[in-house]
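Step one of this worksheet: look at the structure below.
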Amino acid sequence: MVDVVQFIGPVLTSESMTIKVAINGYGTIGKRVADAVAAQDDMTIIGVTKTRPSFGCDLAVRKGYPLFCTFDEPSKIQAFADAGYACGGGITDLLSQCDVVIDCSPGKAGAANLERYKAAGVKWIFQGGEKHATTGMSYTSCANHTENLNAEGTRVVSCNTTGLSRTLVPLLEACGSLKVECTMIRRAADPGDSKKGPINAITPVLKVPSHHGPDVMTVRPEIDITSLAVAVPTTIMHMHAIVATLPDGHGMTTESVLNLWRQQPRVIIMNGGETGITSTAEVMEFARDIGRTWGDLHEIFVWEDGVKLEDNTLWYFQAIHQESDVVPENVDAVRALMGTEDDWKVSVNKTDAAIAAFNGLA
Amino acid sequence: MVDVVQFIGPVLTSESMTIKVAINGYGTIGKRVADAVAAQDDMTIIGVTKTRPSFGCDLAVRKGYPLFCTFDEPSKIQAFADAGYACGGGITDLLSQCDVVIDCSPGKAGAANLERYKAAGVKWIFQGGEKHATTGMSYTSCANHTENLNAEGTRVVSCNTTGLSRTLVPLLEACGSLKVECTMIRRAADPGDSKKGPINAITPVLKVPSHHGPDVMTVRPEIDITSLAVAVPTTIMHMHAIVATLPDGHGMTTESVLNLWRQQPRVIIMNGGETGITSTAEVMEFARDIGRTWGDLHEIFVWEDGVKLEDNTLWYFQAIHQESDVVPENVDAVRALMGTEDDWKVSVNKTDAAIAAFNGLA
Amino acid sequence: MVDVVQFIGPVLTSESMTIKVAINGYGTIGKRVADAVAAQDDMTIIGVTKTRPSFGCDLAVRKGYPLFCTFDEPSKIQAFADAGYACGGGITDLLSQCDVVIDCSPGKAGAANLERYKAAGVKWIFQGGEKHATTGMSYTSCANHTENLNAEGTRVVSCNTTGLSRTLVPLLEACGSLKVECTMIRRAADPGDSKKGPINAITPVLKVPSHHGPDVMTVRPEIDITSLAVAVPTTIMHMHAIVATLPDGHGMTTESVLNLWRQQPRVIIMNGGETGITSTAEVMEFARDIGRTWGDLHEIFVWEDGVKLEDNTLWYFQAIHQESDVVPENVDAVRALMGTEDDWKVSVNKTDAAIAAFNGLA
Amino acid sequence: MVDVVQFIGPVLTSESMTIKVAINGYGTIGKRVADAVAAQDDMTIIGVTKTRPSFGCDLAVRKGYPLFCTFDEPSKIQAFADAGYACGGGITDLLSQCDVVIDCSPGKAGAANLERYKAAGVKWIFQGGEKHATTGMSYTSCANHTENLNAEGTRVVSCNTTGLSRTLVPLLEACGSLKVECTMIRRAADPGDSKKGPINAITPVLKVPSHHGPDVMTVRPEIDITSLAVAVPTTIMHMHAIVATLPDGHGMTTESVLNLWRQQPRVIIMNGGETGITSTAEVMEFARDIGRTWGDLHEIFVWEDGVKLEDNTLWYFQAIHQESDVVPENVDAVRALMGTEDDWKVSVNKTDAAIAAFNGLA
């Protein structure tokens, strides 16, 4: 175990009345979701899993999250102790102690894990890397919290689908119907990934239309949406270029659309010309300036001066922090599955206030 | 004058019966257009201009293009001689010898130059960096060659507009009407430019809808088009993500659209899955493999497996070589203005065959 | 004033016994230094300056740092009130209230400011963008704290010089003499900068040897060092590739060099092979993981498995977080100038512990 | 077979008196070496190999290079015919017809291939991806042509080693001895590669000192050299930052060093300040301007104003076109092995003149 510098060290107090949450997969998303859950007074982290002793375990240890092995094989569990990490057992041991498991394992491991979760009798939440068909149920706080109440399990949709829901659902509710074309300009690798490219190219997703947009329909089927996607050489934030067609008689204006979004949780509206925030680089700098852990931005960023409604056509850009916008949604999804909060806005406010307080930003 | 290695050295023979062409501005576009003009048997390069003696002059000298000064001030002209470059005089001297001038100066110098060209009584061609309002006439070979016949002057539209015309005009002619949304993912700097960024960001063009798409209407007003644009950290090729709505009863299929484009000059259709050409990086490598000078690709590149028509909606991607797709269009525009070739397809074939032969690719 | 989300909101209590510090220039470095100073119990932020009302003022306001105008012109000061920001006056007003001013204005403004500071009778600290000749005195905590005691003013050296001092000074002190060649591979732009390039190129600094390495001699003249520098298309961290020649009879081994650095404040030694931290991307992810504000890394990062001593030659790599390694050095420099702490290590420990506590990382 | 646009179509005339050359592996290096060999009047391309029918075969077909299968299995050979490509047989068939095989297969396949070549009784040339230990003999035109005369086989060293030899060998010969430290700033992926990263990071080669520099000693053991290496997010050219220590009494000046290199074949000296060639981006643009196929630059590029000799220390930068500087060296190596030209400079001049003429640049 490497002994370095200061880590965040929240003192976690497990109370009997809180929801017991396990995180299966303590990586890019898992480490963020764990902190967001730990911040809530109605939830407790029971444990997080790693496949093997590795540098990533140190973070869990320092934060006080009990460490478990992703597998049940005794030799694999023993390996943790051999490397000097206390390990609470295998995945089965972890599942036996929790109410709900949030699966943050790498994409496509879902189907196999699902059987395990069902066998253990716990509720489960997958991430957007899994298919809707695997879970039969998907979740976004603003789109279908009510439908997910007391469900056996669900899938928190991808960062892109979450971002689209945040701006499209209120539009749909205001207008009654919506037809959308979205072009997704995607960051090709995460900031901590030095292996993936391209260095100097644009890569189209040749399966057209792409699967990204229509995934919105898993949480709000009334939105008629298709999409195209390209990957570009940047590590920070996806960009959505959106053209929405509003129904005749929509009664909206550019300004009323902006007001709708200003009232929407987890959406930030800022003016690029006035603030100098002209690209995803400055958006991320803004998130760092306001003290967000990891420099995360849970909110969707919409440029005020990049929104225009003419007749029935609405154009806008939004930037999506691919590593973090789904993090608070997982917390809300826990409450939906456990049936402890019926009102999505109440859950969202509680989630976000607790995260801010946890990070000293209240 | 730096004396290095081998330069291309075409032996230019000026004949009395050929169209006398001047290039005002021998830079990224100008150097390419000069070669394309020099390749034609019905045209002769009378001279090219530089603002001052500089390394860029060497290329003109080695290629045998007479060098002139962009300005008429004797001291500025003398500076060329002082630096060891033969200079034929100022811009007025050059204009007095030519039939048509192709203005490849940096954007926004147009209005001032236009007066000069008119005063000299020569025909003139501007590039897409100038506004349509400046020239009152615009040009793309496949869109409006006939309208430009014998005109006083014109503007060859930008690389993006040229690219859009190549695929949209035949669609329009096949279907009768067309509604288009295009998202332009633009390379942020040219390959030889080491100053401009961003290094790691996506920059939206906040003026929405952007000016890029509607520029198509300057050459073909019947195409109903809007666009959004972002800049990304790459130096090679723009990408267009296009959603076109065909009119009811269009009678087209994905395959018939592809066939339409296969017959269209200056469009290449290739299958990404079969060829391994999955991004703009491999497209540019392909251009280098087939021996194109500067690694240029005059054609628009469309991925066969990225085209899909469902009901009335057509999705496709196309890649645009920003430095070169307009180059042969300038040659065709010369013939239009001089009234020497009425049929755009005849001109295009002549232009392209001559360029290929000039570069040893025939 | 844009009203968004949660900002860090430390409650600052000004006490009469603390050192009164002004920050002239609240930008990339200034905003970080302000927080580091605010974290100390022996210092108080009297105010920070901005040239004009702008989005950057919001951060100062939210953090509770009194805002002043960089200039004294009444109209420029009034502009802040007009934009809705409380402004405490001009630079002269600010200087009249402080003991020491930390100049974090853009490079090369130093000489003019220096006169102003001297006239106001306050102590002053410049950053590494200014020349040593301007200040006549330079500072790095580990190199020359004692020399700076009670000085009128000083210059905290650049991020690169600071980084070199951290690893070279202890080596020098252990070996008696040192000859160094350093190649600096520099990030070309900061993460929040979307204007600068290059996107796809390596740019050599053609002035050879470069000024970077020899700047170390302004704080420790005994180190015989030269350097070469290139800029590369990345926004995160400089990299130093260092070859040091130790004197005969040095008595060191690879392991003893590593131990020397393990005991050195503000140096982190980690093993790339064991931790998977194989590039500057993973180093920055590590800083984010351990909860550092802005994802900063005040420490120099040295790869344990990238250090090798053979005979008299020592090779190693170190990564430098260009935006932040000098931040705590400014705090130590305040104590040196004010003569309140003679021992550099005591100051460093106090500075770093206070910053950690301030950020909830203690 | 995709039928597109114009390919280079040299008419190859096989004459009985020429050296019969096979290219095993027709990829990034192979396709370039094939053209360079085809350009020579004393050599003929007997055939090139591909592992399977693929888009890459088209280029060989269009250029008129007979196509063979990398393997001997009849089913693999038949696959070419099935895909519509004429295939001359397997590798054994190819080897039976040639005098010398140039192995351009991906790195590390060498040992297995070597046995095959020896069994076939042909001479062989490997590339720098293979180890010197595999071949026991290495080659660079300017370093050890004579030693390679009539050898059974050899290895043309890597692009980096070739580049170092070009500038260091003449220095060594002028000074008698040489001690060198080189930091290699390496492009992380080739231009046609859209898979590899990093996008935004610098990656050190933690094995220090690196293997790159010392590889020079396989062709010129007298050069005492070590190196460090990092990979950076660019696709065009490696950069070498070099510090050479000349022996006492060397008698050289900055200007005499430059003159030495000006007389050295395949080295270009240009002044960055005068030409505006300030980075690898402009160097590559220069190569495109002078009409080089694929935009290649066989020469090493040294910045005149980035060279400085002070006392015994020489600093300089050089840029290496990783895809092409070894190409003409392979041609010279063929002559060395076949014993047809004893004088390396005569071979180099013949090689380069033939390549220039072949590409219409004479």
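Going in written order, the chains are labelled A, B, C and D, and every chain counts its residues from 1.
FYI, a residue touches a chain if its C-beta (ideal position, glycine included) is under 8 Å from a C-beta of that chain, and two chains touch if they have at least 3 such contacts.
Keep in mind that this is a model prediction, so the values were computed, not measured.
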Contact steps required, at the very least, to link subunit A with subunit C come to 1
Select, from B-C and C-D, the pair of chains that is joined by more C-beta pairs in contact. C-D
Calculate how many whole Å lie between the centre of subunit B and the centre of subunit D, each centre taken as the average of the chain's C-alpha atoms. 35
I'd like the Å distance between the centres of subunit B and subunit C, where a centre is the mean of that chain's Cα atoms. 48
Starting from the mean Cα coordinates of subunit C and subunit D, work out the distance between those two points in Å. 44
Per-residue multi-chain contacts in subunit D, two or more chains: 191, 193-194, 198-201, 203, 233-236, 278-282
Within the complex, subunit D is touched by subunit B residues 2, 4-9, 31, 54-55, 59, 191-194, 199-200, 235-236, 268, 270-271, 274-282, 284-285, 288-291, 293-295, 299, 356, 359-362
Mind listing the subunit A positions that touch subunit D in their complex? 188-189, 191, 193-201, 203, 233-235
Partner subunit D, residues of subunit C touching it in the complex: 181, 183, 185, 187, 198, 200-204, 206, 208-209, 226, 228, 230, 232-237, 239, 241, 243, 272-273, 278-282, 303, 305-308, 313, 315-317, 319
